[in-house]
Each structure stands twice: as C-alpha cells, then as structure tokens.
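Each of the two complexes below includes chain A, the first together with chain B, the second together with chain C.
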Partner chain A sequence: MLRRLSTSPSVSISQRESQSPLPTRVWRAKWLYLALLIPVAMLLIFEWLPAFSALYNSLYIWNGGKVHFYVGLEHYERMLSDRTFRVAITNLISFVFFRVIMQTALPFFAAEMIVNLRSARWSYWWKIIFVFPMVVPTILNYLIWRFIYNPQVGLLNEGLELIGLEQYTHAWIGDPNTVMWALAFVRFPWLPTLQFLIILGGLQTIPQEVHESAAIDGAGFWRRLFYIDIPMTKRQITLAMILTMLFMTQRFDLFLVMTDGGPGYSSMVPALQLYQSAFHFLEFGYASAIGVVLFVAMLALTVINLRVSAIGANA
Partner chain B sequence: MTKRKSLRLGNRDLPFQMVLLAFGIVTFFPLVLVVITSFKSNTQFYHNFWLPELPLHLGNYSSAFRIIWRFIVNSVLYSGSTICLIAVIASVAGYVFARFHFPFKTALFLGFITLIMVPGVLTLAPRFVLVRDLGMVNTPYALISVWVSGGLVLSTWLMRSYFESLPQELFDAAYVDGAAEWQVFIYVSVPLARPMIATVAMTTLISSWNDLIWPLVTITDKDKMPLAMGLMQFSSDFETDWGTLFAGYVISSIPLLCVFAVAMRQFISGLTSGSIKA
Partner chain C sequence: MFKRMLLLSCFMLIFGAFTGMAQDEITIYATVGAYYPDEPTENNPNPPKMMNELVAEYEAANPGVNIELVDVPSNISGDQWRSTVFNGQNEPHIIVNNYIRVWQEQGNDWYVPLNEYIDGPNPYIPEGTPGHERWADSIPEVVWNTTYHTGSGNQYVVTVNAVAVGFFYNIDMLTEMGIDTDFDISYSLWEDWETMIAEMGAIAETGMKPLALSMSTAAPYTYNWFDGTSLTSMYIDHIESWWEPGASWHALNQREFACAIQNGLISAHDDAFADWLGLLADFEPMWVEGYSTLTNDETYRLFITGEAPFLLQNAASQTINVTRDVDFNWGISYFPPVTETTSPHAANNESAYLVGGFTSGFTVTDRARREGIEEQVVDFLMFLTAQPQWGRVVTDSPRSIPTQFGLDVPDALKPTVAFLELPIRALKDPDPRLSRRYGEDHRRLMQEYFTDQIDLETLIAEEDRLMTREARVVIAENEWNCDFQLE
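Let's look at the complex of A and B:
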C-alpha cells in the first residue's frame, strides 16, 4: 500500500534528463555508479566469473592448475556411463522427493495447529519452541544424528532395546540398504526454520472473518483445512517447496558429515560427487560439468514448479 | 466469569495442545539427552544411557572449552565482519536502486538478482581456483569476501524493496528542510530501515555461521577454523569421549542462543510478516 504512495524523487528529473544524450546522463549519475562500484565488482569477481568459468571449463580436462586441454562434451558423455553418477542421481531424486514432502507437510501441520490456538500467549511460545533448534549449529544436527544412528551406543538402538525390540537394532548408516532412509530422517522432528516461518506467515494472514463464516456454514477442521487454509497459503507452500528443493539439491554437507557417500557409494549425491571430483581427484573439469547439470536441473525444476502452481492458482 | 471462559477456551485448544506437546517433547528429547550426557564420564554413559547421574563431571566442560573457544572467537570475527560489510554495502546499493533513475539501472539490477538462480555448488570448484590464485587460501579474506558477495544478492534485493516502500513524503520533508542526499540516507532512511537491516543481519549470521563446505576447502590451519569446521575436527578428535564431545556441542550452541534470546521476536516477525511474500 505504501508503495503506491511513493514516487521516486527523480521521476520528473529523469523525464527531463531522458532528452539529454546518454553520455551526459551517465556522467550526471557518476556518484551513483561509484556507490555501486564495490558490490558490482564483488559480484563480478566472486559470482559471475566462477559461474562462467564453470560453464567454460566443463568442456576441458583441468586439474585446477596447468593441465588444461579441450575435450568438448566428453565429460557429459562420461556422466551418462558413470555408475557412481547414476546412483547419485537416483539417490538425489528420491531424497529430494521425500524431503520436500516432509519439510512442507511437517511445518504446515505445526503452523496450522499453532495458528488455531485461541490462547495467543501459547501460540507465541510454541513458535519460539519450534524455532529453537535453529540455535544449534547445522553441523551439530548431523553430528547429533550420527550419534542417534550409532550402532553401538546410538539413541535409536538403545531406545529399541529399552522397549524390547532388540531384534530391530541395526547399523543404520552402515548398511547400504538403510543408509538413504536414515539420512532422509536426519533432523526429522525438528522443523525447518525458514519453511516453518514462511508457512506460518501465510496462515496468519488469512482473515479471521473467513474462518468465522466457514464455521457458520458448518465447516469442520478438515473441510476448513482443504478448502480454505491450503488454497489460501498456496504461494507460501510453493515457496517452501522450491526452497527445500534448491537447498537439498545443492547442499551436501549432510552427506559429507554423516557418510561421505558410503558405504561404497550407496549414499552418493551429485553435489558430493562434484566436491570429491574437484578436491580429492583434482578433476575440476568433470566437477564443473556436474555443476552445470545440477544448475540446469534446478532451473528447470523451479520453472516447472512455478508453472504448475500458477496453473493451480488460476484454476 | 473470566475464569470459566478461559477454561472453556482452554478445552477447545486441548487436542492441539496435546499434539503440540508430544511434538515438542520429541523435538527436545535429543537435545536434553546431549545435555545430560555432557555431564557424564564414559563409564557413567555406558553404564546408564538415559538418566542423569551423580557426580557431575564439570571437567568435561573445561576440557571442551579449551578447544572450542578459539573456533567461536574466529566465527564471531568472520561472521561479524561479514554482517557489517553486507549491512553497509547492501543498504547503499539498495538505496541507490530504490530511489534513483540512471542509465543501465535495470541491467545492473538484473546482474544482481539473476545470481539467485546460480547455485553455490556450480561455482564451488572454479571459485576455489580463483581464490587460490588471488593468494587468499588459508586467510579470513577467503571466507569474508565470498560470504559478503554471496549474501549481497538477496540482501540488496530486500533493502531495495524496503526503501521503495517508504512513503515519498518522508523524503520530501527532509529535502524541504535542506538535507543533502547523504543526510537523507543516514539520518532518515537507515534509521527507518532498521527492521530490515536486522533481518538481513540475522540471515547473514545464520548462513555464514553454519557454512561448512567453503571453510573446509579454503582453511587449513586449526587456529583459523570457524566454528562449523572446527566442530568437525573436534568431533573426530574426541570421537569416543562422549562427555567432552557433548560438552563441546553444548558450548558451541551458546553464541546463537544468546543472539536468539535478544533478537528472536524480531526474527520471527521479520520472516512471518511481509518481506518473504513480495
């Protein structure tokens, strides 16, 4: 609303100025360019340059130093036949699929219940309580879950023994069959802070009158959920899903800390393979090619997700 | 009367409260167990996994602190300088983009926001080579420069939309009073933008504080490591000394806990209202 009131101070000036030639206008704005010099230079050097370097070097064999020669699309062909990469992609798809559902549904239901509380004081405290795990450094989440899955003295196995289910104790992240499930449940009951707050913000903006008139029409909790709350927070839900997808595709610290892709390469993901190619095997060209594939995939997924939710919103 | 009313409302809340309570217990259970274990010796831990036990081994904390404190100091320095730089640079850039028209403005701004779609993993390897060739490996500059440039993308965007939302009348009043542009910026715009600067500072703090991969690639000296990387080192050094290990975990959660205690209300309201929806 405020934005409508504001007109830039230089609107009238710029209309007058647009008649003067370009070099004059550029010269007049010299202080503005100077003010932007530092950020523009930083982005050019530390963001744009590496991004283009990755595109370019994905066509080269490169050890990060002197060894540097053109191989065309060979890295991309190699990816097609690379068994590790195939496992990594399969892992990533199922992992992202699972995490997107979990990281959206869990915060949604928590937020839904918190917003529904009549006691404002309690709903404030529940927000604080569920945002609290944020103070634990991210790496500690992984280290704590590594302890939970520890085969000898892990919380999960000790818990199973405590309730008399010894036969189900397991080397959760040491077994190729269970490792991806174990990793999918890392941080499980803890809500993802950002997604939780985004969805909470969406639910809080639904006007009270909408809920009241729905109640008068006899809508119960579930009807209200499916016909009011979910449709009216569609934008926030979409945003939370996209964010989870982007985070999960490019962040591999979870895998690096918990298993380093093992046992074997059963918990490999593309981003971790990129890291290992570059920093263990000095294959910077191959690493760049994996990065390019991930970049294209993320771009495509975001566009598809936005399209689908736009269609859904119009219908 | 009021008492009965609150009782009735409380009952309506009861099912939700019960579910939330169960959820809260499951959330905090691992944390509580970590705190309990941090006061135990290994013998106590193996003997009695679940419950707290006397005597308390406070020595765990002193031996963990002797190692962890340096990582915390490093992280405070690195993240602190990153936050200050981003706050200053993004405010200025956001203000310029919000309040002025000049040639190539759209192109320059696109140069900022397109980077939102460029994932850090794409640029990781070439950026390392770049930073190595600039001679910044194993210095704080490697971390700060990359964190600042990475954070600028979103921060400038947030600052720009905030400055655009300020009503024109405020600026007009300042101009009428004879303020120069820099005075309008420092004495009018920045104080008004304080909530957004706080949000930017908070997001920068969390992302830089938790970054593990970039320090892992660029820092090698133990006494230069930031907290996230230091903890990884610490956890392998004390792998089977559970008490000390968990005492270190507790100590390393305290800095963000302090920030959280001071700025939580601000952080929650900043993220739940406004900024994200636009």
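Let's look at the complex of A and C:
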C-alpha cells in the first residue's frame, strides 16, 4: 500500500508531461534548453564546423589568407603521387601496429597482476603507481625522452658507455635506421592509463565464482587467462585497441617534438604532414585533403575492428 | 538562482562590450624582436630593458596612447605565429619581420606600404641629422635597395639593424691540437673552402666532429646559411642573367629564381649543381653527430662545454652569450670563399658572400589601417627608429649593428663589421629562395642524401622535380611573367 502511494503520483505526472504538446514541454524547460544551447553551439562551432569544413576546403587551394580557388580533386590526385605521404603511411602502419600490440598487451598483464594480488593494500598501491604517469604532461615526457636519446649527453649513450658498450652509442633519433624504433620505445613500458583502467575494469567484473569454479576444475593461471579472462574482457580489449589505434593515428606531437619527421622523411607520419602542410606551408587545402583521408581510414578501421570483434564474440 | 546567474552573465557581456566601445584610448601592439624586455632568468641574467624606457617616454609624450610590447612565442615558428595572428585578425600593429617573408606574404595584404611615410620628415630625428627632413635618408640606400619589393614597387620594411653569421672557434682547443688560429684572409681563418675542409678534416680524423651546427627542421637551423652562400658561388657566372631589368648585385627575389628555373637557366641536372652537391657532401662529415635533430641551443652547449671547437651561429646575438658563458679564448671567423680549387664553376668568385645583412626590420600591419590608427602607429615607429632612441637600444644590448647614419657599432660587434662588407649572397636560404615547401623538402632531401637513404641520381631527380613544381606554383600564384630573362 505504501509503495503504491509513493509511486503512483509520479507515474501520473510523467504521463501528463508526455501528453502535453512539444512546444509546451520545451517552454517549461526553456532555461535548461537555453543552458544546453551554449555548449552545443560551442561544440558545433569549434568541433564540428572545422571538421566538416575540411571536406569543403580539400577541394580548394587556400593559403589561409586571400588565395582561395577551386581545384576539384587535385589534392587527392597529388596525394597518390606524393612520396612523403607514402613514406608517412608506411611509418604510421608500422608504428600503430607496434603500439596497438604493446599498449593493449602490457596494460592487460598489468591489470591481471593487480586483480591477482591477494593483498588489497598492495593492489591499491600498484593501481596508484600505474595511474600516476597520467599527471605528468605528455610534452614533458617527450622532452625527457629527447634528452635520453641525445647523442652527446643522453642517458642512453651515457649508460652504454658506463657498462663498457660504447661501441653501441648512437644518434638514436638522428639515424634513419633507428629513429622509428627509438620513437616506438618512447614512454616505455607502454602502460597508458586509460587502456589500463578499461581493461582493469573488465577484469574486475568477472565474477569471483567463475575463477573459483575454474580453480576447482584444475585450471592454472595460463588456462584461466586464455579461457576465461581474455574471452570475458574481449569488449574491453577491443575498445583499448580501437582507442590506441585512434590515438596513435592522430598522434603528431611525439614526432613534432622529437624529430619533426626527420632525418629526411624517415619519421614522417600523415598527421604531422597535415600539420606542416597547413601551418608551415600554408597549404590548407592539401592539409584538409590529408585530414579527410585520415578520417575515412580511421572510420573504416574502427568499423572493421568492431565487426571482427563482434564475429569473434558470437563465434 | 540559475536564471539570475544567466541574466547576470548576459548583462556583463553586453556591458563589457559597450565599455570596450566607449574607450577612446589607443593601444599599439608591437613586437621588437631580440630587444623584447624579458624578465631576467638564470640563462639570461641581463635581458635588454631599454624598450621599457622608450615606451614609457612615448606614452608620457602622447597621453591616451598605450604601447604594449608583444613577445613572439619561442615554441612555434615565426611563420606559424604570423599565419595564426593574421588569420585571427589580432596581429600586432608593428611586427619585426624578414623582408623576404613580407614579399612572400604581400599577396595577403597583411602589410602597409610605407613609401609615403619614409619620403616624409621624421620629427624625432634631430635637425641636421640625416633623416630629419626625409626619414629614408637616415638609412643608407643599400639597405632600402635590399628590402625594396620590385614586383609591387612598395617599401614595406624599415630596417635599422644588420647581422652576420660566423664560426665561433675555441682558440685554446685548436692551439692544443696544433691548428693555426690566425686569419688567412681579412675575414676568415681559411683562404678557401678546401683549406677549411682540410683543417676540419684533420680534427675529424682524431674522432671529434669539429663543427656544431643544426640541420634540424624542428628548430632554427644553421645549415641553410652555407647552402645559399655556396650555391651563389657555384652559379656566379650565371646569376646576372637572372636579374630583373636594371638591377645590380642583390639577393634574388622569388620571381627571379623561379623564372630562372622555369626558363631553364638553372636546373638540378647542371654540372654546377652537381659540383655544389659534392661540396656539401664533403662538408657533412665535419658536423657533430645528430645534427639533423639537434636544436640551436644544443649545438651552442656543445661549443661552450668544449665538445666541439667550432660553432656556426648568428655572430651578432650570440656574441653576448658566448662572452658571458665561456672561460676559454675564442674568436669569430667567416666562411672562406669557394674558389676554382673546389670547382671550375666557382673560378670567378672574388670573395665569400654575406649571410645575413639587412634581413629583418619593422613592418606596419593591416590592423593599423583597419583600426584607423595608421598615422599613430607610424609615428611610434618613427620615434623608435630615430637615431637618438635606437642608439640607446643598441648600446643597452648590442645584439645587432645599427644601420642608421650617425650611430656607432657596439664594441662587442666590431669583429663582425668585416663580414658585413662582403657582397650579399644572391641566393638566400632555400625557403625564401623559392617557397616554404621548397625549403623544407630540399632540406629533407639533403638529409636523406647525407644519411645514404637516397643516392646522387635520385637526389638530382627529386631536386629537379621539386624545383620545377615549386617554381610553377609560385609563378602561377603570383601571375608572374618570366619573359624578362629571355630578352
């Protein structure tokens, strides 16, 4: 009786609300809509408009100033014969491939380690340790790594000299043969906080009973890993992989700060080429075309990834 | 509560807008290049401060006028900064800029032609001093000729200082290695390019890379300096045929160089071009390891810590720093001439060519016109560049050699005066020589060649493709006619 008394008025109010005409309902909530209008307008102006204007600008030669004329698909044709773009794509594929594997596998093992700890206190402190790098500004991290790789006074070469391996000292980011590896190793041991938290969250939702049943059935750590943990966190792993792929494809700050794409084009990636085309060469049209191609490629990869994961999950 | 806050915000926005409109004071924003009065820091304990005094004096004499000095962020390139502020229409009214950049950007109508003003009197220059009756007369004709834009017939830049580049060298270190530190010729340690290569090569054979320089595209780079001056030397017999009619020896503008490419007067397939590539390839083994990613600051540190006996740098602004930072004996030399010992194409060079010179000056931007305060902005520029004021700026912090008549060269910069007497290099840095794209791609191609990623044949083919494409683009964008070189 009490329950009926408490719920029935609210149901009737919401029913009455939904029966009112739309303009009346909007008018009643006008202040909320007004407040919503500002962030939506900001989002449209500063996020959506520039993104969609790229499609339009990719059909023009535009120097950011008064030079602005239609050239159709010329920028896309140019991209096909652009040696820099080809090198950039090749570099990107190898970099993203390496990072997606590392930035998914290592956070997964770190999360596994934490959920397997018996001491809640230790588990807590390990989480803090893994999440702490989040507060260090990324750019600072890159500058530290730049110093580590410095050929004359860098920590890496100094360390090699210290242990008698001076023959291996090297201009790590100044040599086209080592630069991409050196950049791939930046932020070693690749424990990105977001991916780590996503996977940790997934592992923590696996019911304890499942692990207990597996233990009773005699499953060891590896069996449990491959037959329980990985299958049951497939969605989280997929999400971590997609996010890593998106982040790494968009990433140009690392390359800009560490090498600016050099020596030559040996560490050029499309996002950096886009940035340079726009803000260094004032070729906003060509930069927009690169942006459009990147967007389409990322969208396609994400869809493929989701489809493959869905097939895997249903199999 | 929420409604009240929303209304209050709207009211404040509207009130703020009206308050701004009601102001009748003028604020002039200006960049002043190396003379920006920074706060002292550990690395820069004595920053220039005279600008603050001059601003205060001008504001006192002109009630209602405020001057705000603007520091250009050091973490982005000047090009990026300008494209951002101009497109956002919040550019300062006065900008220190390289005249070549002004030429490259004039299609955007970003700068105000100053012809009318420089032909008029400058009241801040004392009577009897050159420039009092005609502002232009305070600065030598050669400076105006250098910065004059032949294409438009306009003068956009007031250049009141000159700089040169040079090799700082560690006398103690070189003496210890048994290397002669006396000048072979009036401006250089070496009588010719080959002597320089031989001496530096002797140091390189001991396992030390002798020359600290940066070829990094992530930072200001010094590589470009000898790229332009050595190319000038290789084409000495041809450059005159590239000039616009009636010109005398000068730094070529984009039109002249682009047309020379289009008209087949210079090509990457030339023998002279191949000799030039060979010259650069011979020089590369002398550069410190990692030169392609080192910044200027990092190369500077290598010199002051004694890890490299030579440093290629701006001979004006870095002189103050070197004087402050090192405890060894040092000197400053200039590039040697490239002669027929290096290539038969360089046989007619009588000297090396000046890198630097009257490169940067003050420009007045379109914002002054948009806001209707052009006269006031130019008045402040006249005040700032008049000899009594500019003399104080340079004396306070000798970072460049003043160009105006009646001003002395600061003692610290006297060794570089001989460099400034050399003829200007006809071919500037790759970037202002043709286009930004050319500058960047050319540097990257050279890096690929130096690091054995591409062979000579590929380099020449890529250079040819790049030069041809960029020449075509700049000619088309500016609708230039190139017939003058064929007459």
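Here, the second predicted complex is superposed on the first by the 280 of 315 C-alpha atoms of A that agree within 3 Å, B and C clash if a C-alpha of one lies under 4 Å from a C-alpha of the other, contacts with A are read in each partner's own complex, and residues count from 1 in each chain.
Note that in this section a contact is a pair of C-beta atoms (placed from the backbone, for glycine too) under 8 Å apart; a residue touches a chain by one contact, two chains touch by 3 or more.
Every value quoted in this text rests on a predicted model; they were computed, and no experiment measured them.
In the superposed model, A:Leu200 makes contact with chain B only, not with chain C. In the superposed model, A:Pro151 lies in contact with chain C only, and not with chain B. In the superposition on chain A, A:Gly261 makes contact with chain C only, while chain B stays out of contact range. Look at A:Leu274: by the touch rule set out above, it reaches chain B but stays clear of chain C.
In the superposed model, A:Pro107 lies in contact with neither chain B nor chain C.
Chain A has more of its residues touched by B than by the other of chain B and chain C.
Judged by the touch definition given at the top, the superposed model places A:Ala35 against both chain B and chain C.
Legend: residue contacts after superposition of the two complexes on their common chain; A:Gly64 is shown touching both chain B and chain C.
In the superposition on chain A, A:Pro192 makes contact with neither chain B nor chain C.
By the touch criterion stated above, A:Ile173 is placed in contact with chain C alone, chain B being left untouched. Comparing which residues of chain A touch chain B with which touch chain C, the overlap comprises 35, 64, 256-257, 279.
Looking at the complex, you find that chain A touches chain B at residues 2-3, 5-11, 13-14, 22, 25-26, 28-29, 32-33, 35-36, 38-40, 42-43, 45-51, 53-54, 57, 64, 110, 113-114, 116-119, 122, 126-140, 143-144, 147-148, 153, 155, 158, 162, 189-191, 194, 197-198, 200-202, 204-205, 235-236, 239, 246, 249-253, 256-257, 271, 274-275, 278-279, 284, 287-288, 291-292, 294-295, 298-299, 302. Interface residues of chain A facing chain C in the complex, by the touch rule stated above, are 31, 34-35, 63-67, 83-84, 150-152, 171, 173-176, 256-266, 276, 279-283.
Chain contact summary for the complex, chain B toward chain A: residues 9-10, 12-13, 16-17, 19-20, 23-24, 26-28, 30-31, 33-34, 45-46, 49-50, 89-90, 92-93, 96, 98-104, 108, 111-112, 115, 117-130, 132, 145-146, 148-150, 152-153, 156, 164-169, 171-172, 175, 206, 209-210, 212-213, 217, 227-228, 231-232, 235, 242, 249, 252-253, 256-257, 259-260, 264, 267-268, 271-273, 276-277. Residue ranges of chain C in contact with chain A, taken from their complex: 2-3, 6, 77, 79-80, 83-84, 86-87, 105, 107-110, 216-218, 288-294, 298, 302, 307, 435-437, 440-441, 444-445, 447-448, 450-451, 453-454, 462, 477.
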